[in-house]
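What follows is a pair of complexes built around chain A, which joins chain B in one and chain C in the other.
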Partner chain A sequence: MTTVRSTETTPVVPIPSGPARILTAAGATGTAASAFLAWTWTSGFPGDLTVYGYPGGLQWLTLAGALITLLLTLASYHLPGLRWTSPSGGNNGILYAALGAAATTWFTLIAISAELGGLANLEPGGWAAGATSLITLLGALGLPLDRHPRGAGQGITRYLGLRLAKVERPLPPVRELPSPIEVLLIVVAFATGLYAITFGLDTDYGELFTAYLLLAGFTVAALTKSGLVTRLRALAVKHRTVTTGAAFAAAAAFPFTQSSDQYTSVATNILIFATVALGLNIVVGLAGLLDLGYVAFLGVGAYAAALVSGSPASPIHVHFPFWAAMLTGAAVSIVFGVLIGAPTLRLRGDYLAIVTLGFGEIFRITMNNLNGTTGPKVTNGANGIPRIPDLVSPGFTIRGLHIPAFDFGRKHSIGGLELGRFSNYYLLMLLVTAFVVLVFARVGNSRIGRAWIAIREDETAAEAMGINGFRLKLLAFALGACMAGLAGTVQAHVSYTVTPDQYTFAEALPPNSAFLLAAVILGGMGTISGPLVGATLLFLIPKKLEFLSDYQLLAFGLALIVLMRVRPEGLIPNRRRQLEFHEADIPDQAASPETALTKAGA
Partner chain B sequence: MTTTTLLDVRGVTMRFGGLTAVNQVDLTVGQGEIIGLIGPNGAGKTTFFNCLTGLYVPTEGTVSYRGTILPPKPHLVTRAGIARTFQNIRLFANMTVLENVLVGRHTRTREGLLSAVLRGPGYRRAEAESREKAMELLEFTGLAAKADHLSRNLPYGEQRKLEIARALASDPGLLLLDEPTAGMNPQETRAAEELVFAIRDRGISVLVIEHDMRFIFNLCDRTAVLVQGQKIVEGDRETVQSDERVITAYLGAPFDGTGSTASEAEK
Partner chain C sequence: MNELPQQLANGLILGALYGLVAIGYTMVYGIVQLINFAHGEIFMVGGFGALTAYLALPGGTTLWLAVPLMLAAGITVSTLVAVGAERFAYRPLRGAPRLAPLITAIGLSIVLQQLVFSFYPDAKKAKVFPKIPGDAFQVLGMTIQRSDLFLIVAAPVCMIILGWFVNRTRSGRAMQATSQDPDTAKLMGIDTDRIIVLAFAIGAAFAAVAAVAYGLRTGQVDFRMGFILGLKAFTAAVLGGIGNIYGAMVGGLVLGLAEGLATAYIQHLPGMHLFGGGAWKDVWAFVLLIVVLLARPQGLLGERVADRA
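Right, the complex of A and B next:
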């Protein structure tokens, strides 16, 4: 066995590795089987866990966790056909998977006991699941794991005495696959991803969502340790266009998996939130300007669109077609971005943050006061602009081909599948998101993007290299504002009403400036997928934690602290950021090819 | 000497409140010259550099380059053709070596936001040219093999070289080097000398601040000495080395036996 620098490969619990592996496999099989038993006697606990022979609700998650553990364990026996799940050949992945299954199972058992009032509510099936998941965990702890030598522990596992190493093992060389098969693998990966995300969105009670998050977190960690994620990422880099296409196809397929508008409305709001977060990432992640009043630009876009929407409450009695309304929102946002940016961007760092915070509040208070009594009558003050009509794309004819008008408020049937109002807006918003992603990707990797990063790294040096700092910062501000404004125009129509209170600095629910910033930092600054993932989680967690009522914000805060403790560089780190935060964990560049060689030779 | 004057500094004064850091300094740099600027610590050399490059707005005096007076804005100075390095290395630490040099190309390229989004043929041509030029400069400074490394991970000497490559990327006519050999060992200093000569051979004039006298006198056509903000002497090696004021500034005045300091101390 080769060891990566400054790690050792030893078990946590001293059991010979052979029996430990058997124990893990047997435990995982047992856990999977126990998901088919009744865990409680009453259907009073959501999801109906009382049926023998068929898993329900939370039991599905236990089953999935156990099967993933079993799969990785069997792969460690070098069974033909399973090797792909665990290219790194390490056992840490198995441990994470076992932790995931155990966490999900025990969360369920505790939730049952807590909600129904006592351990007496557990049926033998529940006890079996709890015991087998612990046996799996015990077995996994007995496997030879990649760990830090005593005294050199890193990260959160240090506190548990596990001393697990974060270093990724060098992977054996890839077997060349024909191109179509690689593309197929990407498609399969995205289809799986779509299924997993849809499952998370569709969870209709908080317990299921919490357990889902636990399982998802541990599974992602397990697959990262097993090397599968690295392999998939390599494929994605190789077939960039296919990957981007598959990602958007998967996202566009989402409304077709839904039978009602209940979750497409959530998904639409997530997309709006995520798009604004991505816009903020231009300002914060690329140019390094801390903007605490960014939600104001979403508001500017939304108000601009509302004013020209033909709403009876708007003092301007015009009704722009949808494309013109969107352009208006974006244009007005750019103007406000420049107006606010020009005086504030002469400041740096903390001072800029404070001033932007002030401007964000000025926007909200101004909107509150343009009500006809304390100011000119434009926005109806706190009542906002209600009854915004749905967007209608006008019909037109190109070369004899007639494109009918499209009313976003109506149901449409495509290929026998009903698409409701929110599905329409979801698809429109997806186009906006795609546009913002395109702009971010292309500008980020260009002369302008490099200048932004240079300003972020060292503004004085950047200016000495010929970069007009003020102008480029203003450009970042304006572009970010434009992206938020574009999302705002859709938001105004989706939610029918715009009120000033939707655009505050901090509140329990997104979008607001604090949440936007959190989404960017949590997801990963300077990346595209980071803010998208961060925004999705930050939108879903508070929404799905409503069952905790009074403790909702407490739990949310704890979740944030744990996330930032585990991954300070964000969920999807920028390559650079990762180097910054985990320099000690990454083996010397000179050392890695050598270890890779020995690994390949072994 | 009848070379054309590139940089013409007249009466530059920089005051910070009551402190005069640079006082009425005149300096000219001709085409293809290497000029040294020496002086004890705190003499105002770096402040003088900052006045030249627009980081500070001089209280009095003018800086002109190729006959036009430079506005005190760093990016306009760079665009006009004066590039600089910093005494304490200021690379873009989390960008790759190549990206650092590409940032230096900023003033010589025009591609804006729209062309970056559209990625037309013009954009791609300009981007390819920038990359080619940047790689050429990395070859020149011997960093081509490390183009994809993060600049923060380069060893110290190579970071200095990268700063020079980044400055050269803006196609300057005059390069200002602020202590390019600080912290280097003798071999590295020798290599740095070679590099400065090679830069001059590309037709670029050099104005260099340095404490290493051997380095300065090997390289420079002329050397100016700055003491307490004032230029006390300027000339070739012999002139500077034989000037008593320079010796006094570096080594202190000779002890005359009746100095007041001794009696002051007794009190």
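Right, the complex of A and C next:
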């Protein structure tokens, strides 16, 4: 086993590693078993945890957490057939998995006692689960872990005395697999991912979602430490087309897994939010222009689409077909992007931030005022433009093949499965998202994208290299505006109504400029998957925390601060940026050719 | 046309309020290049601190005694909050990507608003703040409310104290040095961490003075009041040239005047009769900002600095 200098491989709790490993495995088995017992006496707690012999609700999460811990522990015995789960051979993954299981279990126990009023509401099964999960944790703390030596630690684990190191252990060389099997592995990974995300979306009470989030966070950390994530990422890079295809197939499969439209509407809004965040990532992440009023471009697109939608409240009495409405929204957004960008992009740095912030406010106030009394009558003021009709794609005939008209507002049945209104819009929005992803990927890897990155890093140097800074910045600004406008046209039709209050700087619910920026930075600047993940989390967390009622936003604000503290580079960082910010954590570059290589390769 | 003096007075009073809050933005930005979005909330917290002191005093206390106590309480609360935020939220992020502290600031601003909303008694609606009783003064055709006297006295006093502090004291000069070049300042033996804390604290104290003035002027405080005022104050800071403390006050006064005059006179311009009045004043404030930045990208009093972005 190789150790990297400046870290040591020692247990936190001084017990010999043999017994510690047995303790971990036994504890995890016990926790898994106790998920089948009753944890409380009444079905007053959501999810019905009163049944012996069958887990319910939150118990499923405990079971999953315990099984993952068990799997990783057994893999550390080098059992044949399980080695793939833990290619790095380190024990930190086991600790994270055990933490996940314990956190989920104890969260459930605390929630039961808090909501039903006292510890007396716990049945022996609950106590057993709590105790065994702590035993697992104790065992995992007794395993040899990669840690910083005393006094050298950094990061949040220092405060707990854990001093866990963020080492990337060198992985053993991959065994070559036949290509179809690798593709199959990718498909399996995405199917698992789809299942996990669907589970999270479908959680119908806040406790379940919170526990889900806890477990998901710890599990991802555990699998990263075990090296499985690195392996999968290598596979994904090798078969990029398959991966992209599988990701979109998984996303497209989502409405077919839903029995009602309830969560599809949530998913549609997530897609809109995520697409706009990705558009903002062009502006902020690639070109490095801080835009604090970006949501206005979503609003411009939505208002443009609403005005030509044929809504009775619109002063322009036209009814554009669906493709023309989308093009109008995108075009008007580009015009506004250029109008705002042309004078202001000559300014540098943070002045741009305040001008865009100002533009965002001007947009909202203007939409509010164009109501006929404080200004010309265009937008109907604070009441917005209501009753926007559903999009209808007109029927047409190409070479004798007739394509019928498609009304997005009606139910359609595909292969025996009913797809409701939101499913239609979800699939349409997915196409828009795919388009934006394509634009982002193609432009980002082109000469233009590299020029943007050069401007972001050092504008003066970039201009010295012959880059026309102003023109490229304007291009980024206009392109970003176009993406947001496109999403806005769909949003106007999905939500039936556009009102000025949907497009504020900071509000309780997304999308708004602050949340969009948070999605980009939280997810990871300059990456494609980062803003998508960030937007999904930022949309779901406030929505699912509704059980906290008044404390929902408070919890959200705290989560933002804590997340920035723990991972300032974002959840899915650009490889190069991560290396910049964690150089201290990657010691000894000269001695280990592998790390030196990744740095150069990034 | 004899409403002009009144509009000027209103504009200047409002502008002084913006200027006091803008100083907090500009000092912090000048030293750590951070847009402290939570500063508006620090202003709001100061208002609630002052209100708490007022409510704790026995009924019938004369405002001559109450206002200084409220001021002290407001300054204490907002300074503590700002210093705590610096220590536990911003300082660990020094050296992190430039935008990470911005997200922390947005998170902090949500947290502070929600803490007041959830835990201050009855703060879900606007709380009544005392006003200075008595008739308004009539000076040179202007009507000036008695409550505004506080601000008329406090704003110049604050500026004089700040000017003395920055130019004449050791800490003030250390602050200037840190904002010019933090690394060299450190080499000269300046404890830059202490200077940063000081910048946060001074900004917070001024915000608290502004909050008391705001409360006295409008007769209420509200957990949301920091947002729009913070936005305006930040605009004022940029308008005056961010990083320059006198610029912040000048920017505030110009912004306040522009708002007052736009509200009154834009509608008299030909073809603009629909774009005047209070509904459009924020729009004109931002338009002014954009125009000024186009003509003078460094702000009214800012010096042209090397690109720091």
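The rule is simple: the second predicted complex is superposed on the first by the 588 of 602 C-alpha atoms of A that agree within 3 Å, B and C clash if a C-alpha of one lies under 4 Å from a C-alpha of the other, contacts with A are read in each partner's own complex, and residues count from 1 in each chain.
Just so we're on the same page, a contact is a pair of C-beta atoms (placed from the backbone, for glycine too) under 8 Å apart; a residue touches a chain by one contact, two chains touch by 3 or more.
Here the structure is a predicted model, which means the values were calculated and not measured.
In the superposed model, A:I354 makes contact with chain C only, not with chain B. When the two structures are aligned on the shared chain, A:A454 is found in touch with chain B, with no touch to chain C. With both structures placed on the common chain, the touch criterion links A:I362 to chain C but leaves chain B unconnected.
Contacts of A:P568 after superposition: chain C is touched, whereas chain B is not reached.
Put chain B and chain C next to each other and count what each touches on chain A; the higher total goes to C.
When the shared chain is aligned, chain C comes close enough to touch A:P376, but chain B does not. Applying the stated contact rule after C-alpha superposition, one finds that A:S43 touches neither chain B nor chain C. Of the two partner chains placed around the shared chain by superposition, chain B is the only one that A:A464 touches, whereas chain C remains out of contact.
Residue overlap on chain A between its contacts with chain B in one complex and with chain C in the other: 460, 577. On chain B, the positions that touch chain A within their shared complex are 53, 55, 73-75, 78-79, 83-84, 86, 90-95, 99, 102-107, 109, 111-113, 116-117, 119, 123, 126-127, 130, 150, 153, 166-167, 170.
Partner chain A is touched in their complex by these residues of chain C: 29, 33, 35, 89, 92-93, 95-97, 99-104, 106-111, 113-115, 117-118, 227, 231, 234-235, 238, 242, 274-275, 277, 279-280, 282-283, 286-287, 289-290, 293-294, 297, 307-309. Remark: chain A residues 284, 288, 290, 343-344, 346-351, 353-355, 357-359, 361-362, 365-366, 368-369, 374-376, 459-460, 505-506, 514, 517-518, 521-522, 525, 550-551, 553-554, 556-561, 564-565, 568-569, 577, 581 touch chain C in the complex. Across the complex, chain A meets chain B through its residues 438-439, 442-443, 446-451, 453-454, 457-458, 460-469, 475, 479, 576-577, 579-580, 589.
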